[in-house]
Each structure stands twice: as C-alpha cells, then as structure tokens.
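Paired with subunit B in one complex and with subunit C in the other, subunit A is shared by the two complexes that follow.
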Partner chain A sequence: MAYVATRGGARAIDQAERLYRAELGQIDASRVDAVRRALPMLIDRVMGEASLYEPDLAALALAQAGGDLYEAVLLLRAWRTTQPRLAIAEPVRQEQLITHRRISAAFKDIPGGQILGPTLDYAHRLLATDVLQGRPFTPAPVTPAATAAPAYQPSLAAWQKAQGLVADPLRADVAPDAIPDLTREPLLFPAKRAHTLQSLARADTGGMLTLGYAAMRGYGNAHPTVNELRLAEAEVRVTHPRGTVFSAGRVKVSQAEVTSKGKSGQLSLGFCATLGWNEVKVISGATLDLNAAAAPKGSPVEEEFFLYHTEPVEASGFCIHFKLPHYVTFQSSLDALRGAKASAAPQSEQVPS
Partner chain B sequence: MFDQAKTDDPPIDHGRLLDVLARADVARLMALAETLLPLLGAVEVVQSRTGLVMLPMRDTVQGTDFHLGEVLVAEAHLRAMGGEGYGMIVGRDLEHAMAMAVVDAAIACLGQTPTISAFLQSQVAAQAAADTARLQAIEATRVDMETF
Partner chain C sequence: MSIASLTKAWQPMSYGFLDASAKRELRRKMLKAIAVPGCQMPYASREVPMARGWGTGGLQVTLTLLKPSSVVKVIDQGADDSVNAASIRSFLSKVSGAAETWDTLAASLIQSRHRIPEERLHAGQILVLQVPNPEPLRPVEPNMSVARQMHADADYGRLWLILYEQIVRSGRIMEGAAYPSVVNGRHVMTPSPIPRWDVPKLHMAQHLTFLSAGREKRLYAVPPFTKVEPLVFSDVPFKVEDHGALTCHRSGVSGFYMNEIPQDNGGSAFELSDSHLGIKAIRKAEGEADRIGATWYRNGQLA
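Let's turn to the complex of A and B:
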C-alpha cells in the first residue's frame, strides 16, 4: 500500500473538528459525573477494553467522544501511556473475589450456592416511557436478607478438579514481573496462554460476541454451557516499601467459565475475565477459549483469527483509516484499469455516439 | 474529634491498617492527618504521583497468571522523624494517598496513639457495616433452583 503526504485543507480540518465538538457542547465536571453515575455498565465496558480501571477517566472519555466507544477506548489507552507503571499487584484469585453474583447453568447445586446478584436476567424488558411524560422511574429498594452472604465463594472449577471431572494441569508459579505482557511485547502465534487471556480481557465486546456467537451457533467445535459466571470485586494488593502487602482498594471484575463434554472423558473448560462487569464479553471470550483448541485455520474460533480481529483500537483504526486520502493507491488502480481497457480496445479510434 | 478508643482494643497489624486507610472516609482521614502533621516535624515528600498498577489474575482452568489490566492509583511516600510513611489508593486522589502516608508515618514514629486507634476502629466499623449491608442485599438474591 502506498501513501502520500497531502497539503491543504487546514481551515476545513479545523472547522470540521469544531463542528463535531459543537454537537457535544460544553463538557464540564458535572456532565462527566452524570455519565459516570448513570452509565456504570458502559463505563465498565470502556474500562475493560481500554485495559485501564478509572471510572472518572472513562466517563470523561465517553463525554469527550460523545459516546463513540472506539474513540473513548482510544483516548483512554493513549492517556494510559502517559502514566508510569508503579507496581504489579498480587494475582487475583477466584476464591479471594468479593462476590456479588455467581451462577452456574451447568450445575444446579454448586458449592456455596447460586446468587443472582444484580441482574436483569429475569426482568421484563419494558421501556419506561412514563419518564418522558415527567414521571420518574424510581426502582424499588432491595429487601436485605437477615444474614449477609459470604464475601468469598468457593471455586467450582477447583471442586470439579477435585472430583476428577476436569483436568487439573500442573502449574508453576511465575514471578509477577515475569508474567507475559502484551503492552510491552508482540502477540505471536501460537500465543502464550497469558497473552491469550490478556488479549481477551482487553478485547472489543461486540467483536467477541460476534465471533463467540458464531461458535455458539455451530461454527465452532464445542457448544458452551456456563459452568460459572461471577461478577465480583477484586482487592488490588500491593506492597508497602517495608514489605507489607495491603489492599489499595477494590476494582470490579467479571469472569466466566464455559464447559462442554471433552474428548478425554472429562469436561473441557474455557475461561475469560475482564476489568469491570461485562457478562456478554466474558461468556463470549470463554466460548472462544473453549473452542480454540484444534480449531481449523481461518475459522472464527481459531486463536489467531479471534485475537487479531477483536482488538478494538487496531480494528477500528484500520477500518476508519480507509476514509483518509488513498489517492496514490487508488490512482494506481485507475491507471491499471485504464491500461487494461486500452489494451483490450480495438485499434481503430471509436467515437462515442 | 474522634471517639476515644477502648483501652482493650488491640493494635491493628500493619497490613490491615493500610487496608483500612486506603478505604477510609477521605474527609475524616485528611482531618486526622492534619492533626498529626505538627507532631512529625519536618516532612520530606519522596513521591506524590499517579501511576499504574498492573493487576494479574489467575486463570481457573490452567492456573495461568495473566494480566487482567491496569489500575490507576495515587501514590504518596514521605519520610519524617527517621521513619517513612506510604500511601497508595485506587483512583487519582493524591490528597487521600498523602493523608494515608502521613498517618502511616505517624504510626511508624508514634505508634497507634489513642486518637489514631479511635480513627482506625471507627473506620473498621464503618467499612464492615458497608460490606455487611451490601452482602445482605446480595444474600437476598440467593436462589434455590428446582427442576421439575
């Protein structure tokens, strides 16, 4: 592909940006605050795809981008690069998650029980049009139980491994600074599992749903059932200069395991997790992880296919770059077309009627 | 300013008190730090900045540790009276991190004085109450599935 520098249009470019921003109007702290309070699911989605947990900045990015998710993710990822990395926290472990929601579609009676948590799964989807008539929608308050749920719930996968239902591969401890990191090294194939899971964690929700849904509909090799889905908070455990490990605070995380009957007589599991609460993303991602083994080249569940094509900044950037001047490449195509036409035309000159 | 600690309240270990300070009510923490600063004499601020903490997670299927994403934090590090104080909190509130570091330094140099202890105990209680309220709401959503 050939590119060429172009000149001109500075005034038009300036005015075009002004026209875009005029549609959004003034952005102030109150608007950002309103976005953050009103749209927590969208904030979570943007933070997950940006791979940066900071709800205020995610709300600002959304406000500044006028709700364009790809622009918001790009803004956040770009801003992230201005910040130094201060530390690597201790790995989050499932049994240490402060669990708000935990369900299984595969096993009715899971150790610790099923907790629906905050969900619309069983709600009627009715648009509250009264709001537009001036009658606010006020949600009914939760009637709290007399006892508190346990903050921590056992791992279903660990129980399944203990029962011999799923494989329990040996694992080796890895020092935190030796964990592979896609933000500092390229994604190569076959991908390290740590790269795969990090890439899924920061992938585009819509893209993952598309490819995951393709697998669910039959374009994969394993049909998923949700083994366990969790919405939780994770402690960010860092180290004090004197060596004390402590929690600097909590962040919302989602994780899903999906399962299907494997060929070895055991259940196979796929896994995905992300920052923020985003169920569609982690179920889709876990489905892709489940299907990746032995996937045919070029299929939507092949690792290279789904990891490359669900990277939101690269994918959206590549898509929209086609709007930018391609005059040299296109001129070259036109020249080739004209050349082919000229060589195919009769030697005698024809005058159009 | 704060309720006096009961004399039989045991000191809170360093890790736990840092947990509590990182999650403390910011206005009350800053008020406590203001009262402690004069006791620390000259304070050298080593660091006051925002930055990133990479958060790894352990995959439940193969046990692989991977990077889930980065968390913006505010960090403060100071030295006073031959000791040091450190604060790190999720978010970008540098004043919260600095107040945490001041209290941490005061504890390192002066111990858990009755004022500090009272603050910690009140925050432990408030944070536990908030957690309990949330977990009671969560418990209300527990479901027993029956198949027919």
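Let's turn to the complex of A and C:
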C-alpha cells in the first residue's frame, strides 16, 4: 500500500522492520561465532571498510544485517564514531610487520625471498559439491617448510631507493597524535597524504576494484607492476600513561605497492594498505594512487573522483535514498514543464507547414 | 576526594547520541556558518545510525541543538507522518528526551526535507533543512575543489548562463526545486530541494535556518533577517509554482503548495503538502479549537 502513508507512518515502518527481522530469526552468540569462524575473509573486508578492527563486532554486524555488506559497514561505523579514542598507536613500519605472505611481480626473486603464504591463487576453482551430498570437505594438512620463512621481511622499495630507482623524498617526522584524522575532519582537496591513505583504507572494495580496473584497462596512464604485496600482522604499540610502550595486540593488515616507469626517469610508486587481508582492494587502491599524480580533473583516476566515489557508507546511502519520496521536487519540475508547454503552444501554430 | 566524585557514571551512549567532540566541532562550524551566511562550511560529519542520504546532515545539526526542553517537529515532503520523518522524529526523542510535535507553532526545532511549513516561523525557532547536494555549482562544475574556488571568486557566471539557456530553449526558466539563490548579496547557495514556493520564506525571515548535507560534509546557514534572493534577470521575474489557485480536496483550503494525486478518470486531485496545516483546517472546520498561525502566503499570494 501507500508507502508515503498519509497517516500511520510510524506503525508502517515498525512493521516493515519486523518483517525483515523475522526473516533473519533469532541472533545469538553461537550464530555470531559461526559467522566469525566460517567467513574470515568477509570479516576482514567488513572490518577494513568500517575501519574498525574487531572480528566479534564485525561478525555481529554481519549477522544483524543478514549479510548485507553495506548495512554491516554502516552499523560498525555508527558504533565506532561514538567510541572514545583512548590512545594513538605508533606508526607501523614495513620491516616490523609479521609477514605471512609477500610477493613481488617486479623481480624473479627479491631480498628476503618470495613468500607465497596462504593463497587460492593457484587453486582450481572447483565447487566442492560433495559437501552437499553429506561428504565433508576436509582440507589436506600443511607440510611445514624445512626452514621457516623469516617473520620480518625488508622492504623492496628500500632496495630500489638505495639503487636510485625510486625517489626518496625527505621524511618529516610527525607525532602520532598530529597525524590528520579523516574520521574527525572533512576530506578536502588537494587531500592531505594521511587523508588519502585513510580514505583508501576505508574504501568500498567493489568500488575500488571498479575504478582501479578502469585504470588498469587504460583509463589511467600508468600500467601497474606489483612491486610488493603483503599480508601481515602488525603489533598495535601504544604508550601506557606511565610511559612504557607495549603491544596491545595484533591486527591483520594488507598492503600493496605498485610501480610504473615515471616521467622523471625514476619509478613511481602507488600505495594502499587496509585493515584485514584483502588483496583485490589494496592492489586496486595502489593502482589508483599510482595514477592520481598526473590525473586530469574529473577523470576516474583523479584523487577527488575516486576517493569521493568509493566511500561505501556515503555511496550506498545515497543510492538507496532514491527510494524516499521525492514528490515535492517532482511536482516543482512538473510545474516548470507544464509552464513551458503552455507558453510554447501558440508559437507552434505559427510554424509553416 | 575520589575519582568517582569527579567523573560521570559510564553510559552506553552520549546525550543526543553524538559525543561531545562531535558536537563541539558542529557548534563551531554552525557558528561559522551563521557568521558567513550561505557559505558552505566543511565538517567531519560523523556516521549516525541512519544511512547517508536519509537526513544524516540535518540529524547531526538537530542532535547538536537538542536539549530536554526542546519541542521537535520533523517533516518529509511536508508530512509529519511520512515514513522517514516518523523514523527521525522517534530517534530524536529517544536519544534526547525532547518532546515531539506535529504543530509548526509549538515546535522549537523543525527538521525538514524538501519543505518549509506554510505557517510563518517566528524568532527563536530554528529550521534545519536536510540537503542532498549542497553545491549550487554542481550542474556546471562537478569537481568540489574547483567549485570551492569559484565561490571564493564569486564566479557565478555559468549559473546565469544555464538560466539564460533555459529561457532560450524553453521560453522560461526551467529550474524546479532547489532554486539557486544569493544569500546576503554574496554567496550563491542551494536552498535544498525545497520548491520555489518556499524560497521567499527564507528572505528576511525571523527564524534561523541551518542547511546540512551529511554525506557531502557541508553545512551552511541563513541567519534571521538575511537577504535571500533567487537568481533572476531584471526583466524575467522569479516565478513560484502555479499552485495559488489550487484547492485541497480533503480540507477545502486553497492557496498553498499542493501534492498532485493522479486520478483514475485521467484528472488530478490536489491535497495540501503541509499535512498538518490540512489537519488543523479540518479540525477547525469541525469546530475544534485549533490555532492556525499566520501564513507566508495569503490567498495564494506572498503576503
């Protein structure tokens, strides 16, 4: 019936929400736990877009939203924004990452070695239909390597800098609490570097892939070569009020660095990192970052274009807002159309046949 | 003295949902917006428990202004009982303890999407308009950083050009709602997608209006007694919608902005867009003591 209920809107929305939630049924701790354990990649994706590292809350948000990713991210963002910020962690350096996977497409081998780590890259994508016939899929056990890969890996860009292949801009040391924070300040352009990287880290995976892929196909100038892709864990090191620096725990992070031949006769780099393991997102994001430098205004690889349009909460919210009634504005347009038609009518009679 | 005596008890949610740091930023930006009428102030725009595009900008301003003694009215398309207005109003009262009302005269704070009530707002009332797109220059310059520079230079020539082209093509200005208007003789703003009918209500008004776009992270204001002039040519006057002669089929009231309801017989029926004005008129006709305030329009003409 009328969704712009002339009367009774409050009751209508209440019942509509009940109808949706009835479909999802009861949500309890065991459901949340099952979601968290069964879908780690999805949890990672949601935590990255929410910029909130808390697997239990991410699983709860997914359960509560029935798996609607945008709803889950909004739930987490709305929760996150009200939380006090107790401390600001120290910056994480590449060589301090506990690295599970680290590959480079730029060289056959690199200092520290190519570490494949966990990946489906070379798996045959066959659906395990046996599972539905009652035969569970049990993964084959992993045979540990004779020598374990080192937990810490050097940065490839550091080697390239030493070779003079990559520019090594002067680094300004910024105190952690002086780093601009996108969640507390508006994003303005030209964007602060910190805002750009934070915005990429929170971006919508699908949206970033779309624009990144457009750049890869040729709507960007630079063809990316994956300089270094890492899946790792980072220590969250914070300073205790007494002054001791300690690790408050570890978070999974992914980062990609892509490169191409720059105009200055050196290699240019594009970078993207996010919370959780999400390779598609960081490779796409790094490709956009790589292309942003010389991008014309309004092109899909221009920073303002891709950062505004890959914001998952803003983009999805605006998309679904078109479901709201717009009849007042529509009426105003109708008035202009009819007015123009009425004033055009006598003129059309004068047109010679 | 103990720590407990110096601190407040832990609460799962701050008063009015937003935490103190978010409200402080908003207050600062709102004061700036009043100081430079019509100029868009960027703000962080926190996520709120509603989807972007559903009034989150208006909501943040309203949440910052709310106090327990507030009386709040929320309308969408002029209707208090439209689904999203009902949702926002119940959220506002839940997190603030403010009283809810449908009556324009009784409200201290009115959050609205796409309409300004027909009854005159008075000094002391605050109107908060939800804004989907705060940038009047968007049709000529989608890039926000370039548009910001254009505002700084008062470079509005291309907006006049659009209007001129419309007159050449269609014989009249074809802008519908969200008619670009100069505020205080300096900044062009979009008054949010209110119909042209409502734009004159902002000019030299007694009340304060905030316009806030949560998704686009911009807010601006029209302070009381500030000039708001629609962009027009000296020989082509501003025209509001041709609704002055329409009559509401429910209340019998005429001379206000109407919703058109297509009928099975091919014609249209009209009803008051300001739904509570209609309710008041019906109640009054039935002999109830309901007070209808002074209206901006009288007999279909701006008073």
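Just so it is clear, the second predicted complex is superposed on the first by the 336 of 353 C-alpha atoms of A that agree within 3 Å, B and C clash if a C-alpha of one lies under 4 Å from a C-alpha of the other, contacts with A are read in each partner's own complex, and residues count from 1 in each chain.
Assume a residue touches a chain if its C-beta (ideal position, glycine included) is under 8 Å from a C-beta of that chain, and two chains touch if they have at least 3 such contacts.
Keep in mind that what you see is a predicted model, and the values were worked out from it rather than measured.
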Aligned on subunit A, subunit B and subunit C: do they clash or fit?
fit
For A:251, using the defined touch cut-off, is the partner it touches subunit B, subunit C, both, or neither? Pick first, second, both or neither.
first
Considering only the touch criterion stated at the top, classify A:274 as touching first (subunit B), second (subunit C), both, or neither.
first
Let me test your reading of the model: by the given contact rule, A:68 touches which partner, first (subunit B), second (subunit C), both or neither?
neither
Of subunit B and subunit C, which one touches more residues of subunit A?
B
Have a look at where A:340 lands relative to subunit B and subunit C in the superposition and call it first, second, both or neither.
second
Scan A:84 for contacts with subunit B and subunit C and give back first, second, both or neither.
both
Please work out whether A:33 is in contact with subunit B alone, subunit C alone, both, or neither, and reply first, second, both or neither.
neither
In the superposed arrangement, which partner chain does A:316 touch: subunit B (first), subunit C (second), both, or neither?
second
Output check: A:193 vs subunit B and subunit C. Expected answer is one of first, second, both, neither. What do you get?
first
Minimal inter-chain CA distance - subunit C and subunit B, angstrom
7
Using the superposition on A, tell me which residues of subunit A are in contact with subunit B and, in the other complex, with subunit C.
80, 84, 183
Can you list the residues on subunit C that touch subunit A in the complex?
13-14, 17-19, 21-22, 25, 42-49, 51-54, 56, 76-79, 81-87, 90, 113-115, 132, 142-146, 170-178, 193-197, 215, 217, 239, 241-243, 257-260, 273, 275
Sort out for me which residues of subunit A touch subunit C in the complex.
3-10, 12-13, 74-75, 77-78, 80-82, 84, 183-190, 297-298, 304, 308, 313-314, 316-321, 324-340, 343-344, 347
Which residues of subunit B touch subunit A in their complex?
14-16, 18-19, 22-23, 49-73, 75, 77, 84, 86, 88-92, 104, 131-145, 147
For the complex, which residues does subunit A have touching subunit B?
47-48, 51-54, 56-57, 80, 83-94, 98-101, 108-109, 113-119, 142-151, 155, 157-158, 166, 169, 171, 174, 176, 179-183, 193-198, 201-202, 234, 236, 238, 240-242, 244-251, 253, 255, 257, 269-271, 273-275, 289
